[in-house]
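What follows is a group of structures, each given as structure tokens.
What follows is a pair of complexes built around chain A, which joins chain B in one and chain C in the other.
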Partner chain A sequence: MNLKNELRGYAKPVAESVLAILIGVLVGALVLWFSGYSPLEAYYWLIVGSLASTDGIAETLAKSAPLILTAITFAIGARTGLFNVGAEGTVYFGAMAAIIVTQYLQNPIAGLLAGLLIGALWALPAAVLKVYRGVHEVISTIMFNWIAFFLVSWLAVSVYYNPKDPNSTLPIPPSARLPLLIKGTSLSWAFIVAILSAIIVFIVMWHTKLGYELRTSGQNPRAAEYGGINPKRSAIWSFVIGGMTAGLAGAGLVMGTPPSYAITQGLANVHGYGFDGIGVSLVGRNHPLGIIFAGILFGALSAGATAMQQHAHVPLEMIKVIEGIIIIAVAVPGLLDLFARPFRRGEA
Partner chain B sequence: MNEAMVISLLLGSLAAMVPIALTSVGAVISERAGVVNIGYEGILMFSAFFGAIFAELAGNGWVGILGGAFVGLLFGALHGVLTVYLKGDHVIPGIGLNLLGAGAVAFGIRAYWGTAGQHTVPSDAQISPLWMDAFGNSLSPMVPITIAVAIVAWWVLFKTPFGLRIRAVGENPEAADALGINVELYRFTAVLIASALAGVAGAYLSVDWLGTVTKQIAAGRGFIALANMVFSGWNPLIALGGAFLFGFFDNLAIYIQNNPWLAGTIPWQFIATLPYVVTLIVVAGIIGRARPPKWDGRPYKRE
Partner chain C sequence: MEEQTPVLEMRDIVKVYPDGTKALKGVTIKVYEGEILGLLGENGAGKTTLMKILFGMLKPTRGKIFLRGKEVRFKSPADAIANGIGMVHQHFTLVEVFNALENIILGMEGHGLLSKIDVENARKKLQKLMDELNFQVPLDVPVENLPVGVQQRIEILKMLYRDVDILILDEPTAVLTPIEVRELFAVLRKLKEQGKTIIFISHKLNEVMEITDRVTVIRKGEVVGTVKTSEATPQLLARMMVGRDVVLRIEKPPKEPGEVIFRVEDLWVKGDRGEDAVRGLTFEVRAGEIFGIAGVEGNGQSELIEAIAGLRKVEKGKVYLKGVDITGKRPRELYDMGMAHIPEDRTHMGLILEMSVMENSILGMHWRKEFSKGFLLDWNKVEEHAKRLIEEFEVSAPGTKAPVKSLSGGNQQKLIVAREVSKRPDFIIAAQPTRGVDVASTEYIRNYLVKLRNENKAVLLVSADLDEVLQLSDRMAIMYEGQFMGIVKPDEVTEEQIGLMMGGVKGEPQK
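Up next, the complex of A and B:
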């Protein structure tokens, strides 16, 4: 009985997300059609590229790992009443920290911890500005993203560049790389790390006192304060835990992605995960379990994009268009009711 | 520092002021009416892209500016319907719009012009400057237009009944409603004006100031404009001054990067962070005194 009610509670948000995804696919098809491409061909290769082979599935899961982690950054913020969009810049720093630390400590745990730690540290300035100066976190974290971009670019080009390859940083040493789960693919332990992090965050947020405080601060800050919860403490923890998962995303990216195991020119291979994570979180309804599914969906989109570009000649940025539409559709309040209303009227 | 350098820095700052000022003034109007929109970055992207297309089709930069305003208006209407009429969250649509803008412009540059990441707008589709010297310094007609827009916006907001109603629906919609003001209509109108101004700003980037469309053309200016709006205390005239300040640092970063002596001493990446660091410092310093409109970001539902 209890379980049944709980499942019913999940049914509506799941249905709404599925509907938003369908809208994204449909409007995306219109955009493709207007731009002179064949939507059927594009979607065919998108699916074939991401799900029709072991390589495709491995690539899908590999791409989903950093997205799940950056989505959690946003989700923890959203659950605490904060719009933390700083995962993007934190990913750059997490990746860089893993590269730097593993040059000295050639051990995967050291690399992951470095990402975790730098993520927590880089989140602090935005947290302090929010709590003590009232600076809106959207503005501060966006500014910090740009600052991170230029600082990590400088580290990549001027300090930790690869003398043998001018287009990338020093690689993660072989003994510090995350082992592959399937040989010959790009699916590594980074995926397991992401899933475990999602589960840990789920436990922390829904089954500990800290998580309760964070969620109460988000749902009803005034009630939280009356109940003896310190909202400043909640905000800082929210930024710090969120920073940790984003830093981990960056570390996992460079430590678990063959063949380069490095940051490439212009931060190209660590770029965009933070922003896409926001979409993953919104589609996953800011819940770790929803995020795992949404992360795999977005992972499939980016895994299939290459095949779509190669065979259907559609620019791979098309998937960002679909993602953007999905998020706007998620933002439509009572999306499901809007669609269900005419049917209900028919019944009556 | 000689005279030529001062002129060059001053004109460069004025050029960089335009997009931030137009977007901030728009944001002030929208938030005065109680509607938050963080999607200006996406609107800048879209209107820079479509503004260039319109300008090239017509062979006239001003058509591009109008086209940009039109595109801004469309996205504003979307945001307005979601937030004002459907009473939805004010922040999430903006997040979607920003992602969509970044993706669609990168996609569109390849799909429309067939180049990767960058397209140069031909000179016949660009707006010709009011004044130009032999060193490449120039003054765009958009600079006086922007100053006029800010002054008019201030006058309308604070000196006309229309402006009073806009402020009323953002400050106390219940009272405004009781007086027979159509809260939703005024809010929606304010959102449209704001997004149209951001649309003009975006088109200015591609058909005037930068003369190019790139997949990162907005470069955070939509967010800097929001910071500047807070800095201004939701006042269009102060927003104009603030935009000049932000424009100065935006331009200074470009200037130093192009100056071989300075660029050799400090890594250019450090200088490139300047506009963002200054934004943070200014916003952190000012915010204690800033008071947003009371119903800013809250949907109004009649009881």
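Up next, the complex of A and C:
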């Protein structure tokens, strides 16, 4: 009875997400069809490209790693009652920190720790502004994303540029790179790091006092305060842990993605993961374990997109449309809930 | 009367919640035109569930509803309202930043993009309604700035404005002062004269005896019986509800209070709008003593409690617990020093509705060693703890993992009380401890507070229920506009004297 109850608790969100994915696939098919492509052919290549071969699967998992980590950033915020969209900028910093530190300490652990630490540090200003000045985190984190963009761009172009290749930064030295899990693919230990992080965050959020306090603060700040919890402390922890995973995402990206192992011009190869992570988090129901699956799904979509473009001649952007539809289908019930809340507060 | 067709009949209603809880097991009730039907039952008996089904908020698993002999099926509250059925909930649903007028016409703006809200007509119609019933509310003040009693009037007016002729009131009196209850009853009688039909839910037997024509008693999802109020007694009703005789009394042996546990000196606290809500209070609570604070709600009691519980800033003055200055300390430190706090606002402060019974059972004590295993929380221990609370206070809950919002109102309250006393406090603040709790559990909670007192703990009781304060307190204060009008012993004052003090007349200072 108890186990059954618990599973029931998960059944609804899982079912809703699966439904949203189906809607995304169906509406996506319609959009493809109306745009003059064959949906069957497009989806065929999408699946072949992402799941039908070792290479495809490897690419899917590799692409999912940073998404899982940035999704967790958003999820921890959401669970604490914060709308933290700062993962984007933190990824840049994580990547840059890994590059800098591994120039001196040629060891993968050092690189990952650098990403983790800079992520935590870079989260602090927004946290402090929120807690002591009441600055809304959406505003501050978006601003900090831009600051991060220009700061890291400057570092990339002016300080840590690669003298042999003007289009990228210094690469991660070979001995500090994350080992590949499958030779000849881009699937590296970065994926393992992402999965482990998700599991650790799950344990922290649901099996420690800190997690209890964060979730309580997110659900009902007044009850939290009454319960001896300091909501300010919760907010700071939420930013810091979220910053860590986003920093790891950046470090993992440059340390575990062949062939460049560097940040490319215009931060092109570390760009966008923070924002995509928001969608992944929503589809994964802001739950670390759900996020693993959602991350792999989105990884598959972007891995398969290339094959879809090559063989079915469907533009890459079409994948973004499908992703968008899935996210909207997941988010709409949630948004309705959010807006309906003040009208049916405290039902018996 | 029994021969005529009922205006409303709910037949064989069964409700099984998605989590498997069988809340109603085949309930049939009949309501006749122009009567006031009381609905009685223990916490979790299924009263709210039954009424939510009638109001179109919940779908029955089985069963039929007949309105004036015709079968109906409501898909939504709007549907029920269109059919003349209105409901005022146990917990209010007003939009706090809107004023009364806006709240009342909310959702009635008419259909179509082009229809305009005719605010002036609405105001006229409302004014007429209020005049007829002699039931006034300020229409232009944001609801959040109005006392609960007035908010409830707005809820009632909201329904009457929609021309309902069957009105459901789910525990309307739980939050009202005795005077407000009297005013409400006057309105209900007038509505009845106008031919309206009313379904009235309350845990207070004397109210049910006073206002209803017939009473239907529900126990554990089944109808026990229906009686004419004129042929009933409180004892009979209590026995029907609980299934055994209920002793409606408190055993309270005389006791010499011990040392001072808690003391407040010249305390000043501001309210939400910056006004002085508490103005220079000084009092003490001793070991083995229940100190009661009575008074019309909204006279600074809430601010006083929040200030001493570490949830609101103290402007001036000092608070001492066991001789230590605790002014400005955070709740966690206070709890660690032996304070516990049953808050008056259970849904917004005392509980996290979305979280499980288990998770709620440790709020405010979750840092204690007994619940952790290294740096992890030991959920097994937490579950044991939750089970103990449920058992000891007979909280009826679908399970320890069920979200607290799936508990009935009274059971939520019992869970809070159970949790707070499980902290083994030396000093406990009990604010409205039995609000919304059924007769049997009310007696249990009151006896428990007395037991704490007998065990030499200090109890600060704040309640809008004057009988409760009179019955339990060793000493009591009457609060009015942030000050005490007097501190008296309950057996040394008359109700009249207390009434005067509640109205702002200072009583004789007494030792």
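Simple rule for what comes next: the second predicted complex is superposed on the first by the 333 of 348 C-alpha atoms of A that agree within 3 Å, B and C clash if a C-alpha of one lies under 4 Å from a C-alpha of the other, contacts with A are read in each partner's own complex, and residues count from 1 in each chain.
Note that a contact is a pair of C-beta atoms (placed from the backbone, for glycine too) under 8 Å apart; a residue touches a chain by one contact, two chains touch by 3 or more.
Just so you know, these numbers come straight off a predicted model, no measurement behind them.
Q: Of the two partner chains, chain B (first) and chain C (second), which one does A:216 touch, if any: first, second, both, or neither?
A: After superposition on chain A, A:216 lies in contact with chain C alone.
Q: Which partner does A:327 reach: the first (chain B), the second (chain C), both, or neither?
A: Only chain B; A:327 stays clear of chain C.
Q: Determine, under the contact definition given at the top, whether A:136 touches first (chain B), second (chain C), both, or neither.
A: first
Q: For A:226, using the defined touch cut-off, is the partner it touches chain B, chain C, both, or neither? Pick first, second, both or neither.
A: Only chain C; A:226 stays clear of chain B.
Q: In the overlay, answer first, second, both or neither for which of chain B and chain C A:184 touches.
A: In the superposition, A:184 contacts neither chain B nor chain C.
Q: I'd like to know which partner A:208 touches here: chain B for first, chain C for second, both or neither.
A: In the superposed model, A:208 contacts chain C only, not chain B.
Q: Is A:85 contacted by the first partner chain B, the second partner chain C, both or neither?
A: A:85 sits against chain B, while chain C stays out of touch.
Q: For the complex, which residues does chain B have touching chain A?
A: Within the complex, chain B contacts chain A at residues 38, 42, 78, 82, 86-89, 91-93, 95-104, 106-108, 110-112, 215, 219-220, 223, 226-227, 230, 267, 269-270, 272-273, 276-277, 279-280, 283-284, 287-288, 290.
Q: Can you name the residues of chain A that touch chain B in the complex?
A: Its residues touching chain B are 31, 35-37, 83, 85, 129, 133-136, 138-140, 142-144, 146-147, 150-151, 153-154, 157-158, 275-276, 278-279, 282, 315, 317-321, 323-334.
Q: Can you list the chain A residues touching chain C in their complex?
A: Its residues touching chain C are 1-2, 5-6, 8-9, 203, 207-209, 212-213, 215-216, 219-220, 222-230, 342-348.
Q: Given the complex with chain A, which residues does chain C contribute to the contact?
A: Within the complex, chain C touches chain A at residues 18-20, 48, 89-93, 95-96, 170, 309, 311, 330-332, 335, 341, 343, 347-355, 359, 362-364, 366-367, 372, 375-377, 379, 398-402, 405, 408-409, 412.
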